[in-house]
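Order of writing sets the chain letters: A, B, C, D, E, F, G and H. Residues in each chain are counted from 1.
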Amino acid sequence: MYIVIVGAGDIGTPLIEVATSGGNEVVVVEHDEERAERAAHYDCLVINDDATVKETLVDAGADRADALISTTDRDAVNIMVCLLSQELEVPNVVSVVHNPEHMSLFERVGVNTMQNPQRLIAEYLYRAVERPSIVDYMQVGEEAEVFEIDVDAGAPMAGTTISEAAQAGLLDDDLFIVAIERPDAESPVVPRGSTTIRAGDRLTVYAAAGVTDGVTSAFDTGDE
Amino acid sequence: MYIVIVGAGDIGTPLIEVATSGGNEVVVVEHDEERAERAAHYDCLVINDDATVKETLVDAGADRADALISTTDRDAVNIMVCLLSQELEVPNVVSVVHNPEHMSLFERVGVNTMQNPQRLIAEYLYRAVERPSIVDYMQVGEEAEVFEIDVDAGAPMAGTTISEAAQAGLLDDDLFIVAIERPDAESPVVPRGSTTIRAGDRLTVYAAAGVTDGVTSAFDTGDE
Amino acid sequence: MYIVIVGAGDIGTPLIEVATSGGNEVVVVEHDEERAERAAHYDCLVINDDATVKETLVDAGADRADALISTTDRDAVNIMVCLLSQELEVPNVVSVVHNPEHMSLFERVGVNTMQNPQRLIAEYLYRAVERPSIVDYMQVGEEAEVFEIDVDAGAPMAGTTISEAAQAGLLDDDLFIVAIERPDAESPVVPRGSTTIRAGDRLTVYAAAGVTDGVTSAFDTGDE
Amino acid sequence: MYIVIVGAGDIGTPLIEVATSGGNEVVVVEHDEERAERAAHYDCLVINDDATVKETLVDAGADRADALISTTDRDAVNIMVCLLSQELEVPNVVSVVHNPEHMSLFERVGVNTMQNPQRLIAEYLYRAVERPSIVDYMQVGEEAEVFEIDVDAGAPMAGTTISEAAQAGLLDDDLFIVAIERPDAESPVVPRGSTTIRAGDRLTVYAAAGVTDGVTSAFDTGDE
Amino acid sequence: MYIVIVGAGDIGTPLIEVATSGGNEVVVVEHDEERAERAAHYDCLVINDDATVKETLVDAGADRADALISTTDRDAVNIMVCLLSQELEVPNVVSVVHNPEHMSLFERVGVNTMQNPQRLIAEYLYRAVERPSIVDYMQVGEEAEVFEIDVDAGAPMAGTTISEAAQAGLLDDDLFIVAIERPDAESPVVPRGSTTIRAGDRLTVYAAAGVTDGVTSAFDTGDE
Amino acid sequence: MYIVIVGAGDIGTPLIEVATSGGNEVVVVEHDEERAERAAHYDCLVINDDATVKETLVDAGADRADALISTTDRDAVNIMVCLLSQELEVPNVVSVVHNPEHMSLFERVGVNTMQNPQRLIAEYLYRAVERPSIVDYMQVGEEAEVFEIDVDAGAPMAGTTISEAAQAGLLDDDLFIVAIERPDAESPVVPRGSTTIRAGDRLTVYAAAGVTDGVTSAFDTGDE
Amino acid sequence: MYIVIVGAGDIGTPLIEVATSGGNEVVVVEHDEERAERAAHYDCLVINDDATVKETLVDAGADRADALISTTDRDAVNIMVCLLSQELEVPNVVSVVHNPEHMSLFERVGVNTMQNPQRLIAEYLYRAVERPSIVDYMQVGEEAEVFEIDVDAGAPMAGTTISEAAQAGLLDDDLFIVAIERPDAESPVVPRGSTTIRAGDRLTVYAAAGVTDGVTSAFDTGDE
Amino acid sequence: MYIVIVGAGDIGTPLIEVATSGGNEVVVVEHDEERAERAAHYDCLVINDDATVKETLVDAGADRADALISTTDRDAVNIMVCLLSQELEVPNVVSVVHNPEHMSLFERVGVNTMQNPQRLIAEYLYRAVERPSIVDYMQVGEEAEVFEIDVDAGAPMAGTTISEAAQAGLLDDDLFIVAIERPDAESPVVPRGSTTIRAGDRLTVYAAAGVTDGVTSAFDTGDE
């Protein structure tokens, strides 16, 4: 793909790294001289100019790009860049949006967005201190979640099969074990009723009602 | 919980919002005056001082805190804060780490970390242009992924049952549909073999070998 | 009218003066502190905040304003302000546009604009040295112009009636005298064929083919 | 013409563009290094020095220039430049004046001026929200104005001839239609009594008593 | 006198001191805030504003002042201030001029000036190393000078009367001793032919052809 | 002479000009880079370094210089430079001193000084408004002064001989006319009793008791 | 004592702490506002002004002080402060000197000095990596040193008496053990010939020829 | 040795000088560009980069260095550098520590430190005014000190032998003269009972109870 990335700041920089290492043709537009210089260390073309000026985007080849991603930390800059990209008929335009109240505005003019990325990070960090046993998780709809959790040595479920755990009420109907990672297995194991959960397993679990205290208590000992 | 948050920048600010709205007692330490003032709009105590000075953390009550999260954008500051927190015996210390090469250092001194949060964002953005049909996803181990995908009107799988899809080779063994969100359903549906996949459904899918072109082609039409 | 003016810079400041002295209720939004303070000397409410944040415009009462004029020197800021104003349903939104290439973008999203105001000034200044006898002028369509010109003492037309001038070929068909200002008359005179043009008159002339050397030579002596 | 332009700021820059594209020999004097560099993109000679030093103007060839235009945003700089230009016997010296109270001073020392250009812009913008139907206008003397106005579909005058409009009292004696622009006509039409005004016409009108509510009501419907 | 002093810099500050200690009513206009504050330590009114704006000078009471002295280090500012002072009919206007080439311009608009004051200082310093025996001096016309010189113990003239010195050719026709200061005399002595010049005397001498090596050699020993 | 000049600021710059145009070998030491560059336009060697470091002065050849003049605007820098110059045995060291209270300190360590040069200027300017008829003057001892004054057309002394003026009491014993400059004479005239003073003459006068109102009233009309 | 400390920087600040906690009356002079504020946290009077101005030192009471210590990082400032202090007859004046070449200058004008304090630190740090077994040391004359060294468990001297060590050639004539600190002794032990040196002792040793490899090898094992 | 020095500031700079002149291979890491340039004047390799990034230290060759000394003025930077150095297995790591409360933290992670170097300097300076006769000193344990002192001409001990002084009670048991420097001796003299102490001698003395008024009074006259 031919990708134009606007902004080489906190978010833009790792994006450049990801996009260039994925074998894409990448052009970066960054107004700040110092940042532009740093971006030039990646395998991409860097244009040190103001992306809110149409000519700059034309110079960046936006009119023949497959996608443009606007990552600056100012919503006004991002919207201007996206509107200009639409004029240049970029097929796929994505933007970061910082102020949640501006989401509808971006949607109204037809831009795909990623809301408040820092909030995403914040929620991960908060989860790390609120439920330290949860390794990673993904929201599904309003309530449900898929999460990864490590089974402690003394946890109620350690040493039982899934069927036993269900019978013992450790796994209620809302919980469903999707996959099991084991230190000694190359790839995740598909669980069956007869599969024994061992201490040290990392489980991928689907929780229809989300992660609650009751949910985690089956897997960890509560000592942290 | 009594939580000390160090840094009220791009990551710290939404974290303060999340932590305070979760009903916790939050103390923020921020060196920059302007940021400190902005942080004071949340329901928390803000200390406008240098967190790499032990006395500052004592002032923040770190010695009786349940957790401390260090979110500054300098790894040197984060490690110093974490070491001081250990001296003050904070039970749960988490830090952002920006430079991936510094991960082992944080682990050696015993700090829980979250690696390079901006890279996480970058990967989400990149995925949004690489596979626009994927709504959200979570890595499981090295290769496997759980992902959400919307079923297009003209997609091969639209209108078939899961069993039919499996028989038709649309769903190979590596793919497993975990849940189905429907615009008209209140909560996600648990799929069975007889469940018919409809256009407009948002599926949560487990892919043992990760998301590849073959995986998404069953759900979308490929026109983007 | 209730008017919101965004930007209290070179253009915004005299606009505030004009708008307040016209008896309107004026609210000014200016991000720069120093400028905001200066604006506060006028009879208006000044909000020292970032107008590209929706909440700021709500604070400025944009949702009940009759009009909003965006005068900042960055097109990206102006477009963002205008889009937010539309969301707030301001009935009349006008913006300065600096880069001519951005005109179509503003029009596409439905904003009234005033293109590159400094260029207007520049053209006036240039005209002042190119045709020093022209006092003021207004473009009509592509070619035609209405202009004001002073009649020199020795000019061909000084002392002739309009009919005589037409007969003498001094006023061809493309020229049409709309009004005559005289030092001793209170208001402009409506010219007739028998009206004598005197040295010292300031004529308002309609020139179907625009102002050319031939046009001005009838009114001035060419010595400057 | 050989034109010296002092100042390459908001007003100077478009003036350079206008003057160079008019085929003149242009020399620019600008003290600020960054602005001087930008000015060098036009087809002109740029001198990056202080124009209030006589030697700089001599370097700029002011002693053989046809005209000098001083456009800086400080009246003190402009007056100094103009006085030095007089010493160098530049035949045509024009200056922007920012503070209206300084007009008489410039006149006393014999400099042609353009008063407060930003105020001009401000008045245009204000007019755009006060009388949105007025497209452009030009002041004639104290009260009279020439203006352009679009005829709305439902306006009283749409579909009538000029004679009928006059008889119906829609056009009183103070109003006089100078020219009519039509979307399908190449150049403006000279109106006669029998000319029918159509919706969509853009009229150039002379109003002896200036533009009032009564004046515009004949041409637009009042719905905005 | 009511004196307005513009500028409280290197020259303005000691001027404020001299003028206030002379019992005058002094108003100082200084744009720089810090300098304005320092000026306020003297017995004067300080206006911290831009003196190139007419209103500022009116606020300073320039319209009823006896004199205005402009001391800023920019000639453009000084000329503007002087022109405005003329408009306000200040009877006595004096200005420092830094660029010698601007002297004629100031004179043309009718301002009394003091040319390049720093050059004056420079010449004094240079004289101090070029002719260390000269204590002070004053230029008279093109060539002549009045100067003060100390008589060294071994100088040719020490111990002779003025008549003897003239006869001995030590004092040629171009030299004329105006006054003699003696350590033990209260006021300078008026010299006569019979007056003996003593080592230690400080002579005030008029030299029609200026100070040359020949002139000083009579008074000092040449050892320095 | 080989002269080292320290400081290329307000005083140093014209000093460099005077010293280089006098045919001396001049080395300039200036710490500020911009000033150093400007100084390099003169025919001298410029060292862009800190003169309070001994090595810098050695680099400037101070150890073989005939004289060193320190002109910076900080007394502390000047004293340090002078002390180092003494160590390097510069025969003639002169310094500007800004704070009058520091004079004794410079004298104690054996440095020739020029006190507060700006005050000198200030006194000249003040004299220009206090006694506008005085053109130039030089203090002699505590009270006496030599001054230049222009004879007004209507002045009491215009048209009288010196003897007549003395008899008429216009010239008392304390006043003594040293020389007369006339517009039409090439060099100043030596006055005698029979010399007639004419309007337009510029007199050099010695006033034993200094310049008072009585002294100037003989030469000017008092209208200014 | 009444002590004036000039400079509240890296060296001045701990000096203020030492001097105030020693019960002295301390006045601090610091030009930088921020530093002055920080200094005010100690029990001292802080004067936020320029110490190179005599009046400032008078305000600080230097004329009745017992001692003045100048600690700024500019030698020119320190020398000026010291000279002014001498004028004010401070009995004891000490200054830091940064440039070793300036030592003689300070001595010439009669100021006690402490040369290049940062170099002292640097030498300590260097010694710490060059001879890690040396704990502290003090230079005596050109060559001799007194140093502290820890006796390693396996060192040749561990377990021998001083007499035995001398006989075995471990302690040659140039070495002399002054005192022995022992973990279990309250104060250092005075060594005699019969005293046994134990591993873990910290010895104070006088080395007439300074510390060499041979000297340390008796006390440590050489493994570091 | 191969030594890496982090920081080229107040302490780092003289350390670079000491280390390079000792013939070591030195690499300097300094983030500030200006400081890095200055460091490059020494015989060392300078890396102008952030030492808290592991890669920088690898570039500096830390993985094969014999020692690393961290001298920056921020404890957080120093600890990060030291931790990274441990990862790179530098055998000898020393750091400056500024905040005394952070000493234990550095020790816990296993870094050799030098506490608050500026305080060391401060104590020397304070001693210089508190006991001006003490030339240098070294702390031994809690109380004891080795110090150098000059013997005044009129001091009680001048002219006595050490035995006599002991008998006369001038030297009590806690005092012990270690060495005597004499102006005319090449190296310090080893004292015996019969050695006569002369005025002008500089004694190295061991004081078991530290330096008190009683201790110094034997050597100086108390007049300062």
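Keep this in mind: a residue touches a chain if its C-beta (ideal position, glycine included) is under 8 Å from a C-beta of that chain, and two chains touch if they have at least 3 such contacts.
Nothing here was measured: the structure is a model prediction, and the numbers come from that model.
Participant: What is the set of chains touching both chain A and chain D?
Facilitator: C
Participant: Between copies chain G and chain H, are the contact residues mostly the same numbers or mostly different, with half as the line?
Facilitator: Same: when the shared numbers are divided by all numbers used, the fraction is over half.
Participant: How many angstrom lie between the centres of chain A and chain B, each centre taken as the mean Cα position?
Facilitator: 6
Participant: Starting from the mean Cα coordinates of chain B and chain G, work out the distance between those two points in Å.
Facilitator: Using C-alpha averages as centres, the distance is 54 Å.
Participant: So the centre of each chain is just the mean of its C-alpha atoms; given that, what is the distance between chain D and chain F in Å?
Facilitator: The computed centroid separation for chain D versus chain F comes out at 54 Å.
Participant: Chain contact topology under the given definition, line, ring, star, complete or other?
Facilitator: Topology of touching chains reads as a ring, each chain with two neighbours.
Participant: Beginning the circuit at chain B and going via chain H, which chains come one after another?
Facilitator: The ring, traversed starting at chain B in the chain H direction, is B, H, G, F, E, D, C, A.
Participant: Quick check on the complex: what are the chain A residues that touch chain C?
Facilitator: Going by the criterion above, the answer is residues 52-55, 74-77, 79-81, 83-84, 87, 99, 101-102, 104-105, 108-109.
Participant: Can you check the complex and tell me which residues of chain B touch chain A?
Facilitator: For this pair, the touching residues of chain B are 1, 3, 10-15, 17-19, 22, 66-67, 69, 71, 73, 91-92, 94, 96, 112, 114, 116-126, 128-130, 132, 136-144, 146, 148, 176, 178-179, 181, 187-188, 190, 202, 204, 206, 208, 224.
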